[in-house]
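Each of the next two complexes has chain A plus one more chain, namely chain B in the first and chain C in the second.
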Partner chain A sequence: MSDNKLNVRQQSGAVQTTGHAWDGDLQEYNNPLPRWWLWCFYGTVVFSILYWFIYPSWPVGQTWLKGFGTVDYTITDKKTNKVEEREQRWNTRALLLADLGEAANNEQRKAMLAKVRVANYDQIAKDPKMMEFVRSVGKGLFGDNCAACHGRGGQGVVGMYPNLTDDDWLWGGSMDKIHETLAQGRMGFMPAFEGVLKSEQLDEVAAYVLTLSGEAKPSATSERGKEIFHGQIGGCYYCHGADAKGVPSQGAANLTDKIWAIADVPAQKTLEDKTAVLKTFIANGVNNTRVMPAWKGRLNDDDIKLLAVYVHQLGGAK
Partner chain B sequence: MGIDLMFYLIISIFPNSSASVRWITATPALQGDQHDCSHRLTLIGWNMSEDSIQLYQKRIPIYPRSIEGRFRNLKTGVMVLAYAVYFLLPWLRWERPDAPDQAVLYDLPGRHFYIFGLTVQVQDIFWLAGVLIIFAILLFFVTGLAGRVWCGYFCFQTLWTDLFIMIEHWVQGERPARIRLDRKSWNREKWIKKGATYGLWLLVAFWTGLTFTMYWVDAPTLVVDMLLGRASYAAYFTTFFLTATTFVMAGLAREQVCIYMCPYARFQSAMFDHDTLIISYDAKKGEGSEGRAKAYRGQRTPEERKAKGFGECIDCGHCVLVCPMGIDIRDGLQYQCISCALCIDACEHDLVNYTSENALNGRKTQFLRPKTVGYGVILAAATAILTWSVLTRAPYTGTVEQIRQPLYTQLSDGGIRNAYEVKLNNKLTEPMTVGIHIEGLPGATLDMDGMERIELAPQERIKLLARVQIPPIEGSKVVGDKVTFVIESLEGATAKAIRQEVPFHAPAGS
Partner chain C sequence: MRHEQVETNSALMLLLILAVISVGGLVEIVPLFSINETIEKVEGVRPNTPLEIRGRDIYIREGCYLCHSQMIRPFRDEWLRYGHYSLAAESQYDHPFQWGSKRTGPDLARVGGKYSNQWHVQHMKAPRSVVPQSIMPNYPWLLTNDLDYSDVADRMRALRATGVPYSVTQQEYDANVKKFGPAIADQFDIGKAEDSLLKEARDKNFDGVPGQITEMDALVAYLQSLGAMVDFTKYDEGYFATFR
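On to the complex of A and B.
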């Protein structure tokens, strides 16, 4: 064993020993860690100590060492549009905010927003770039604030929330009117006619209303309904107008067009069903469940303006 | 190059430790150096007693001798041409309205590559794949035909190493002077000469790095900004990184890059066959029956040598002295050889030549072979397709997508409306006017709020809203379920109109 490979290595000086000898010839090789490894190790020690000073690190009782590192970022208040400079101890959320604030896209967005802010509605509608911006930002705003009721595409729910993509506007479809609706909110109301009108009379009025938009042909029943509609008993024309085309200042629906916002008439197959569904609504009225909340105070003026343009173009921009 | 540098660093910081590298020293060194081992590296695996095993071979410096000749001139010519293109191209101006005026500019933030009259947009980036395919096939083609032509004449590692050796030669003198200088202790002369060499290298490396950066930003602005310390972080980093890699690769690592780091150097051997041109020593002529011998008295004339059985090689060693890879071509074809052909220039007895294995064995070299023809055909096809694609590129793009929420809208007069998003992109560096109309749906009208005719600024991209409306459906009349958008260029460009058929939805059973 004495002339084995290890001893050859030892004799050639390839590997040093620690210098100790036990039991005569039992020796221990000295294989120190590679120098580069050792320096990397020392480096990590230094690094970790510096780290404790800069970043959040050790838990201390109920709290933790927060480090001296800070992140500066600006934040824009959603309601007042005020830009505020903030400084926080180092954390990745603040870092993300800082990154987002400095992004090139954010600068572009701010520049476009400044342009839209000073432009009037006509100018915005005629400018392809501004409209592109409104559609892009508006989609997000609409999704966040409006889609819960009106649907992601603004299609609404019949009987509940108006469809914003058609050309029929209960409260007026100009950009100014839409802005007003958004800012101040609306409350749709129609009194219940149960008790005022007898059941046959309700049928007659329903039959008449169906003829207005061509859903049914005029008949003797509908003629009687016409008298109720335009007479003192029903008095429907107070709100819906003598021509039944609705009064936007009242939020009263146009009954002569093909759009049914409350009674889902087109979904019914037979005339009886159509009359029945319409009758229910005339009897019960439309009470304060049809409420559009006021957004002034919840959204800032910029967002309301953007949404007004967005909703206006959804509905065909007429 | 970044990965190359990392390899180099890994090799540098693992001295004596990387067990996977099994190098042992074997071939006698013909390079003048002072190392005790006096050996060149050759890979042959485990062997011999353990204390001769060197897991890591320290670089043995190579001092290539300068040489004049046909191939040296060719290499210098290629070098001058390549450097002229590389260093001067970013300074060439090219007038473009509303776009950068640099002839070749890769504008990453602006998402445009400007190459003279060609503007490459993001959606045309597949051309890059075409260019890469062409380069790859070109490498296969040339290597199959004539060996490592790329390595010997065109590779930037070869070019920059060549330049750095020239600088070294210019400052420190010819090979013996350089060896002497290296052996000297550090006196004034050594400090000055070494300092001048390193300084010049650094200057070249810096200008190389800076020039690379110039391809990505406006060159004159960059140089001024760089000096004033207001260039972007990316610009400084790129320049610094390439300065460092150029200095390390061409000044310090040199042939080690080709031997240890470069994958192309290795896999090019897979493209060799018996007809591939290689640089080879004519052993029959050079060695004779008794081998090579120095031209001592009594074995000088051809007759005397013939009588003694010696070959024509007088063992002057010039072919080894000029070799930038530090190999002896007389040992046969080696993976280290980059085919730079300087040993052909060096041999006064014409014993080293471009030849092929078949020619060496007395057969004819076939240049027309299925492999070369095949690569040639693919190369021609790929080049033709790319050229065709570039030449027939559209001056603008237009796409139409249906907005599917809601699928359709019932209008108050009973009509049906669908909405679409139209995306337009002017790919020109000049303004153009685009007109949009619809076809193929009876009675349908298009409403784009007056943007049916729109002027696009140079390189403008825009998304527009289009509404298509049909009058009330009477009775059981069947409505078409498709509509075709026609987007045509009205002013500023001539091109075929873009026609796109998109679905049109109407309520079922109406």
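On to the complex of A and C.
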């Protein structure tokens, strides 16, 4: 069967067999590897030996062959605050330092950062180049540090985390005030009026507050609420102001606009539901749940400044 | 040994295959046990407290590791997104470690201290209420399930057998006081495990539910401990590169 299929090379005896014979006459040809392939293989062996000496490789007792390859990087020394050039034996951590150093010392970035650092907020706002820089760097900073609560676009979560894209600011919406909020953190507080006011009084105050922003028309109930709001029993005006426009130094909300930070009034369809939501809120107050953490210490001053401008330009800046 | 012998003796072949395929693992792992600089010398890393141990157990039970890694690699993109790369020292008390290799969700190696407890509770209960684009499942039962801490001492004993310095004897306790300070050493005392767990859960009330110790308490306690033990501002960045 096989004899007549032998090719010319085999017939001529140019191809050797491996010497085995199975079942009497079954043999295996021995085709050597092509020369070029074999030399490539030897080449990789030589390469691996060179590799051992350039890069970290074999363990030796309590240490290892560290290789003579090196990485240069620039870094700002934490103690002296000076930019230093350093050399470190090759490893991935040193490569990262080189990469980070290159980014941090990128001339354009450095120049822009230096400009932003000394500029005041008005100057930054008026300079389109600086604003472009703030938007591109701020997006990353915001995404990493702020977006978990305030959302990627700064839209917030009603009832939990304030919306940063509207022009309603509990603690003030100027860049300076936003900077203060970022650096020092904030803690929202409103006393619980359950126990202070009777159930019907809570209803009355809720009815009055809804008239302030035009959610409801004034009525006899809301007039009684008005007295409580501006009187000694409720004393709401202490924090929200006699005009109910809020007092930013207290973090007290403006009640005359259509924006609701905590009680989700706009989501309710009927007036009864709106009043009920507001009543529950006034009854419970705000305690320990509306906390903006302080970022000073976690972010450096440059980052806080960039974020203040970034948040300010998100849309609802004042 | 002749080729024919190997090919005709399946038991011998199996042994030789095992020997060959274990070479790759052995040469990568075994030398690390004897190399001095494998674990960076760094301050602040401590084992988990009893409450954190239970939190970690819940983390494993719920399969969090299937989507979340706990290993930030030394690349610029990971540095910018997650923070400082993970150190070997930071998982020295982790048995088994939770490095993971799959990120469907973000890496959690430095999630500790990044968000408030309240945020974690809300996020675990209904992830999309705080991150609209999230695909994480809801874990509402964590907030209602009472935490089972009856066997926490046994769990600490098991971890102690792997080398985590939870103390049984006075001598071990004293060593912990020296290394971690008295407040933490008390929490590592296996004899007082249950009390320490209850105290931490009551004092810090991670889940915001007063008077009830839920699985959420433990899980949030654990998450808040991740990657927050080393104060990197104390170290020159070049320092960690000298260990590799």
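Everything below uses one rule, namely that the second predicted complex is superposed on the first by the 236 of 318 C-alpha atoms of A that agree within 3 Å, B and C clash if a C-alpha of one lies under 4 Å from a C-alpha of the other, contacts with A are read in each partner's own complex, and residues count from 1 in each chain.
By definition in this document, a residue touches a chain if its C-beta (ideal position, glycine included) is under 8 Å from a C-beta of that chain, and two chains touch if they have at least 3 such contacts.
Nothing here was measured: the structure is a model prediction, and the numbers come from that model.
Once the two complexes are laid over each other on the shared chain, residue contacts for A:Gly43 go to neither chain B nor chain C.
Legend: residue contacts after superposition of the two complexes on their common chain; A:Pro34 is shown touching chain B, with no touch to chain C. Contacts of A:Gly285 after superposition on the shared chain: neither chain B nor chain C is touched. Contacts of A:Lys126 after superposition: chain B is touched, whereas chain C is not reached. In the superposed pair of complexes, A:Pro191 makes contact with neither chain B nor chain C.
Shared-chain residue A:Arg152: touches chain B and chain C both. Within the superposed three-chain model, A:Gly231 lies out of touch with both chain B and chain C [touch as defined at top].
When both complexes are aligned on chain A by C-alpha atoms, chain A residues 151-152 touch chain B in the first and chain C in the second.
Taken in their complex, chain A has these residues touching chain B: 5, 8-9, 12, 14, 34, 36, 104, 125-126, 128-129, 131-132, 135-136, 151-155, 163, 165-168, 254, 257-259, 266, 313, 316-317.
Note for the complex: chain B touches chain A at residues 13-14, 16-17, 49-51, 109, 403-406, 409-414, 417, 419, 447, 449-451, 454, 462-465, 467, 472. Across the complex, chain A meets chain C through its residues 56, 59, 61-64, 73, 75, 77-79, 86, 88, 91-97, 99-100, 103, 140, 144, 148-149, 151-152, 157, 160-161, 289, 291, 293. Chain C contributes residues 31, 34-37, 74-76, 79-81, 85, 114-116, 118-119, 122-123, 129-133, 233, 235-238, 240-244 to its touches with chain A in the complex.
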